[in-house]
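First chain A sits with chain B, and in the next complex the same chain sits with chain C.
Showing the complex of A and B:
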């Protein structure tokens, strides 16, 4: 049960999404991936993809224009 | 006084209407419908279909003229329409105000959702990619006599075959672009 941070600050779409997809593939069942983003369109497409895949997803606004997308690899 | 203000903004932050209309992004469908409605308004009000990148060519010409250059002999600005637009100037150009509206509107939307942030440049690669991408897009859009708005969106909206041809080209271009992006940017 690891918690992995993925720093995508300063990256524009679709880089955060592809990075998140690649990173999640490396993780084990039960691990949690936290994607840090500051590009508002990633705040839409990263959770959208993860939910479609059936993972538990939460989006947290950590600061003005900064979000953390928390994805649990639950399957 | 200050205490009261803080309370007011704390209240706004939790207001359902604020969250629904200002804070959270519209769905793609809502945005698409709004864009379609407003491009009809644009066509009706200015007599020209919506375009974005063509305006930047005029901005460039005005800047160039302001520092003493002349575009009179340039093929791109050779038509009498283009000459008239240049002659009338920045303040009489509908497209200029539309583009300024897009820029300030985007800023306002970001500020209202308190999502404004000056982003850091992460690597030299980003600078190179952004510069190269910008040059290619700008140059390509002028060669094609339109960008994804003027040539694609407005083209298709006015039932012109050229819009669909543009769409096919853009689709395959986007595939190549994505492959390059994954190869060099991951």
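Showing the complex of A and C:
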């Protein structure tokens, strides 16, 4: 049950999404991936993709214009 | 949903600095927009209109997370067509709106506005569209998207903006040559001339509706399987 941070600050859409997809593939069941983003477009498509995949997703605005998308690999 | 709350307790929220209250800045900015509009209006009401519509358009783009780039890219990348369908709906609305304006002028026997945008179609259109598509995905934004993200303060798009200007200048510099040798060779089609006003609107809406249905089917087919 580890928790992995993925730093995507300064990365434009769709780089955070692709990185998150690749990272999540490496993780084990029950692990949590935290994607840090500051691109408003990635704020939309990363959670949208993860929810569609059926993972538990939470989005938190940690600072103005900076978000953490918390994805739990629950399946 | 116990599991969601478990996900929500994670994150790097241990030593977070408090966020600045943005409301005073927002009020100041709104005042600034109004003051500039009043100043512009003293010079020309058209300028003030451009200023207000431009500001409103930017606001809608940002808050709606509307992105033409994503509308073309996400179907392939994530299988999501929500933005693609949003763009199709926008096209459908503008089709009706612009046709109404143009028909209004034509019905009164006045010259139809915006006819200079009925440009010839040629292989240049295809090649140009393809190049633009590749460029906007790499740059992380089309023209409006780049401007909107510069406003958000995203540094990478500032670089995009600089080279967007450079490219536009180069393009404008050589446009005459391209127009003479390639672009003007193609036929230019104004749909109402071919199908009549009603026919053109109906045809275009039918095509858009078909695209919408295809987009929805495609998303359902990609479903949760994704990658």
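Going forward, the second predicted complex is superposed on the first by the 75 of 75 C-alpha atoms of A that agree within 3 Å, B and C clash if a C-alpha of one lies under 4 Å from a C-alpha of the other, contacts with A are read in each partner's own complex, and residues count from 1 in each chain.
The criterion applied here is as follows: a contact is a pair of C-beta atoms (placed from the backbone, for glycine too) under 8 Å apart; a residue touches a chain by one contact, two chains touch by 3 or more.
This structure is a prediction, so every number in the text was calculated from the model and none was measured.
After superposition onto chain A, partners chain B and chain C are found to clash with each other.
In the superposition on chain A, contact of A:10 is made with both chain B and chain C. By the touch criterion stated above, A:40 is placed in contact with chain B and with chain C alike.
For chain A, the partner with contacts to more residues, out of chain B and chain C, is C.
Within the superposed three-chain model, A:64 lies in touch with chain B and with chain C [touch as defined at top].
In the superposition on chain A, A:53 makes contact with chain C only, while chain B stays out of contact range. In the superposition on chain A, A:19 makes contact with chain B only, not with chain C.
Across the superposed pair, chain B and chain C both touch chain A at residues 10-11, 14, 18, 38-40, 43-44, 63-65. Interface residues of chain A, counted against chain B in their complex, comprise 9-11, 14-15, 18-19, 22, 38-40, 43-44, 63-66. Interface of chain A with chain C (complex): residues 3, 5, 10-14, 17-18, 21, 32, 34, 36, 38-41, 43-45, 48-49, 52-54, 56-58, 60-65, 68, 70-72, 74.
Chain B meets chain A in the complex at residues 25, 110, 114-117, 119-122, 126, 178, 181-182, 185-186.
Residues of chain C that touch chain A in their complex: 1, 3-4, 6-8, 10-13, 16-17, 19-20, 22, 62, 65, 67, 69-70, 73-74, 77-80, 82, 137, 139-141, 145, 149, 152-157, 223-224, 226-227.
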